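Shared between the two complexes below is chain A, which pairs with chain B and chain C, respectively.
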Partner chain A sequence: MVENARSINIAAGILLAIGILYIVGPLYLTLSTASQSYEYMLQNGLAWVPGTELFANMGKVINDTRIPIQMLNSMIVAFSNALATCALSFLSAYAIVYFRIRWAGVVFALILATIMLPLDIRVITTYQVASNIFSPLNAVLDVTGLNDLIAGAFGAPVHLELSVLNTHFGLIAPLVAHGTGTFLFRQFFMTLPKDLFKAARMDGAGPIRFLFDILLPLARPSVASLFVLTFLSGWTQYLWPLVGASTPDMQTAVVGLARLVPDADGQVPDFPMIMAGAVLVSLVPLTMIALLQRFLVQGLVLSEK
Partner chain B sequence: MSSESSLFGHRWLPLLLVAPLMLLIVLFFYVPVFQAFYWSFFLEQPFGGGSEFVGLQNFRRVLTDPEFWAATGRTVVFMLTASSLAVIVPLMLAIAADRKIGLSYAARNILVWPKGIAGASIGVVFAFIFNPFVGLMAPLNTLFPGLWNPGIDGTDAFVTLVAAHVWSGIPFNFVILLAGLRSIPPTMYQAAAMDGAGPWRRIFDVQLPLIMPQLFLTFVLEFTESITSVFALIDTITGGGPGGSTSLLVYKIYVDGFRGFDLSGASTQTAILMVFVLLLAACQFVFLGRRLNYER
Partner chain C sequence: MTSIDLSIRAAAAEIQLIGVTKSYDARTTIIPPIDVSLRPGEFTVVLGPSGCGKSTLLQMIAGLERVSGGKIVIGGREVQDLEPKHRGCAMVFQNYALYPHMTVAENMAYSLKVAGVSKAERTERVATVAKMLGLADFLTRKPGQLSGGQRQRVAIGRAIIREPGVLLFDEPLSNLDAQLRHDMRVELAELHRRIGATSVFVTHDQVEAMTLADRILILNKGHIEQFDTPKAIYHNPASVFVAKFIGSPPMNILDVTGDGHVLRLADGQVVANYAGEGSFRLGIRPEDISVNAGGSIKTEIRYREDLGSHEILETKIAEQTLRIAMPFGVEIDTTQTLSLSFPQARLHLFDGENGRAIPGAFGDARSASASVKEYQ
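The block that comes next holds the complex of A and B.
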């Protein structure tokens, strides 16, 4: 099709240039300020030209703050979140699609409903549950009167207590309790031809064999997409790690970065050092995006359908 | 073969397969959601000090608190401004990037980057860039004193939040909308061109109507997203200030619950916010969803 589209192409070019500038501008200013000294920043404000202090500032962050161990925490949280979400969602979607069970629709609806109310909204009571993960069990025993029976028989009611606050498990588990993965895999399984299943059955494959030898290899791109997506989401969490971890050594890097900024007004904070921290904290997820962008984009599109 | 054989017939295996995820979801989703509503009818003492049924008293207290209504008002204003911008800006970028021009390949790559940068990280960065003394506006501030100071002027602080929110929201909305645009069959454009519609006209007559499902979806998700994810931005950029002018509901709940130890008040506000979010989604489906034609 040949037509004169000059005006719209010029407009589109300008628009994209502005968009790229909007995204890259703050990132560039972060990097250039991170490479200047504190004194330079006091005199000139934010740096438009890069300096030579980048590694000195990063060294300050690595030696004087808890960011290194917090980055390890972020790594553990993001990786486990991605792994657990992929594995558990894959299994539950498999059960929902490939088994003759009457409650499949109900379970899927219950899982899907989690998408409506994000963790940030229910943080207060999630914190309470995490402070004693047996509290729902205790409440059920109390309400059903079972505890009265137990108290009558053994002399004391059952009251179990286990806090997962300030543990890696506590930071990860509420993130995994989410329906996007199950939804994504269910959609994927539905697109596979029914004959695949019949052929596998005819060849004598049982449920476990079918899962590992046929579905898993086929689903590899979907798994990779979900992995990238949940890894990034785990790394960038803020509110839950902020309340779920109480000691600096258990906090994630993003929370640690926010804590680098002093609360009190007065002296100008060491912005070059803080910006160097922001660069360090964003290094892992940005590298991941650069290397695995195909999967990220695919994951975003799949999670929508 | 009958349809019976197109599914496995095991009884216990599927139960075992969904159990781990269901356990986590019940424990960390349904119990907290239930507890928020349950606690809104009780007066909870912090640190397990017991509780007392008070009926609707918590709701009466929250609903007569002017601070609550102020925070709700700010939440709605933020939702409308920030989420509209967070959809319209990526929409324009997606329409531009859908054209085959030199910059569109670079844009498709670069515009996804913010996905890897935490809201709190970009909050720290924006707090610095918009710092009145050393940031971007510092030179202008020396020329016109008092022109820009998010530490004193609530509007300036609000604008900074919106700018940071739109920045972080670009990747998802851009990718979804671009995918929608790219799935429009080329024959549609050819047919429109035959009828004499130029490239500008086709934006409104072909592209926008055909990506309505994606546009609708981004709006639905963006409304919830703007209400919740703004927490990281508020906590790192403004701290709710100046003078509470950027204290949105999600931030107020956190402050009331974790700093004021007012568990009942925080739970009641959580319950109200949940109902609000669910109603919002329902409204959008009823009023917007009905007019959409998902068939291609």
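The block that comes next holds the complex of A and C.
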């Protein structure tokens, strides 16, 4: 719909300006505060005027805090999350769309359920599982009475324990189990001609060759956009890294930023330094968005279809 | 296409289906056991309405669908349990199914690449096929940059490059417009003569069937209604189904009753002499009805369609629609009652219950449709 009425144009312009102010305002405040000294802030509060201390503050962040190693953690978590999510979603969507599987519909519905039950809701159970990844197995053995049999035969019930808390794997794995990617790839595969798979079979290509020779090249833009989206969401995760990592050296940068605010009462936090840290931490996703904007937009459009 | 290049030539294989069936579960049978044998190098068109199982049949030959029972023998080898690539078949799909990210050359050479053919030989074979199909100038293009007809040619090229003994076509022309469809028909016929592979062509278009086929196999709900040459199918339809399916406009089918001497319509008009009793169905092609003053069958025109070369008159007798094709130039007074006569030699009689043809009903020399007994 294209509307040309002047009054609507003006109203839309004003609305847009308010929206921009709402988004850009805090960003500006972050940047300007980050460029002032602690002393300036103590006197004047948050700064609306840019200063000259930006690089000094960034230096402080790099030298005096654990943000650099935490950024590395973030990098590992976000990158592995994106990579694993792409691989897992691609393969599961491939199985659901191209193979006649019993209960494929049920499996797909269960995968979709993960979208409706995000990690934030499951955080307590996820923590329990992460603290001992064998706990579901133990529970099954207990409930089915198998453990009683085992205890009778071997003298003791089976109880396995392995905690992945405070490890990179523990930070990544719960994030990977997410249905959005599967849904996105499924939608994409459904738009491809059905006969493509048959044509490849006639040409002598088995399922694996079809996957690598035909499907993957065709899905490259979708893979790229899913990668960007999951990387960004992995980088900005807060709740799970906060719960899943207990030592500063294992925490991610976003959690680390929040920890820069001292717990002690009465002390005024070094907001210029914290803001400089925020700018530093945002640089990675910002660069990513700047470089891969095309795929990001494509991904947003795809997931809405 | 004047320069004929014979370097792509297939060793045509015989295809035999022995008691082949397809069912998805105990209740839905797509194809009841059928037995059919296609001669080496023969061009067979499988014709039928949608949902009659013709595509399923083709995919079972190709190996894309498993058979539920029976044997498929291609070139003397039982293949029903083999993967498609081991059956020596190639297939052309309705929507082309070209690989969108590969160039024309890569599309055509993909099967050779999978089979491990050397790059030099692949390039050579692609060049030969491209020349044959007039695609030489498009080898570096992607399918998205080609027209529908060109894409279809690439799909055909991809199929013939391996020199398969059997070529399978799954409604390959139905996505093309009328003119292109005609041109591709001509090209396909020419190509078949040159390559000589046993071809099975599935379609619901009777024109394609009549023009391309050596023999037409007409399927109805998985059953073979008739398997014969286009001429025999047109002139001696084995059943009401075939009679109605072939011909445009289709054959008129009238319900008649025999009293031992003549066949009468429900309103008592006598339409033919026949010494049988009971209910029958009488068939006559629209172009075989003669309109003349001496005709004993009376009717009125309800609707006329002028198609230029001929005219279709639609009438009703005994509450049943009857179409008459009039050649160009014959003047008819549409306000008057028409007098028709049905030439006895042009009539087809079918059983009133099972719809099968009653051969030789009117004493003419038209042979019984042997193919029905042979293949049914």
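By our rule, the second predicted complex is superposed on the first by the 299 of 305 C-alpha atoms of A that agree within 3 Å, B and C clash if a C-alpha of one lies under 4 Å from a C-alpha of the other, contacts with A are read in each partner's own complex, and residues count from 1 in each chain.
We take it that contacts are C-beta pairs under 8 Å (C-beta built on N, C-alpha and C of every residue); 3 or more make two chains touch, one makes a residue touch a chain.
Just so it is clear, the structure is predicted and the values come from calculations on it, not from any experiment.
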Larger contact residue set on chain A - chain B or chain C: B
Which superposed partner A:193 touches (first chain B, second chain C, both, neither): second
Touching partner for A:82 - first (chain B), second (chain C), both, neither: neither
Touching partner for A:184 - first (chain B), second (chain C), both, neither: neither
Touching partner for A:209 - first (chain B), second (chain C), both, neither: second
Contacts of A:123 with chain B and chain C, given as first, second, both or neither: first
Chain B versus chain C as contact partner of A:176, first or second or both or neither: first
Contacts of A:201 with chain B and chain C, given as first, second, both or neither: both
Touching partner for A:218 - first (chain B), second (chain C), both, neither: second
Which of chain B and chain C A:71 touches, first, second, both or neither: neither
Footprint overlap on chain A, comparing chain B with chain C: 198, 201
Complex contacts: residues of chain A adjacent to chain C: 193, 195-196, 198-205, 209, 213-214, 217-218
Interfacial residue positions of chain A with respect to chain B in the complex: 1, 3, 5, 7-9, 11-13, 15-17, 19-20, 22-24, 26-27, 29-30, 33, 41-42, 45-46, 88-89, 91-92, 94-96, 98-101, 104, 107, 110-111, 113-114, 116-118, 120-130, 133, 136, 173-174, 176-179, 182, 194, 197-198, 201, 207, 232, 235-239, 242-243, 254-255, 257-258, 260-261, 263, 265, 268, 271, 274-275, 278, 281-282, 285-286, 288-289, 293, 296-297, 300-301, 304
Of chain C, residues touching chain A in the complex: 59, 62-64, 83-85, 89-91, 93-101, 110-111, 114-115, 158-159, 170
Chain B residues touching chain A - in the complex, by the definition given at the top: 1, 4-10, 13-15, 17-18, 20-22, 24-33, 35-36, 39, 89, 92-93, 95-97, 99, 101-104, 106-107, 109-129, 131, 133-136, 138-139, 151, 167, 170-172, 175-176, 179, 189-190, 193, 198-200, 214, 217, 224-225, 227-229, 231-232, 235-236, 239, 250, 253-254, 257-258, 263, 266-267, 270, 273-274, 277-278, 281
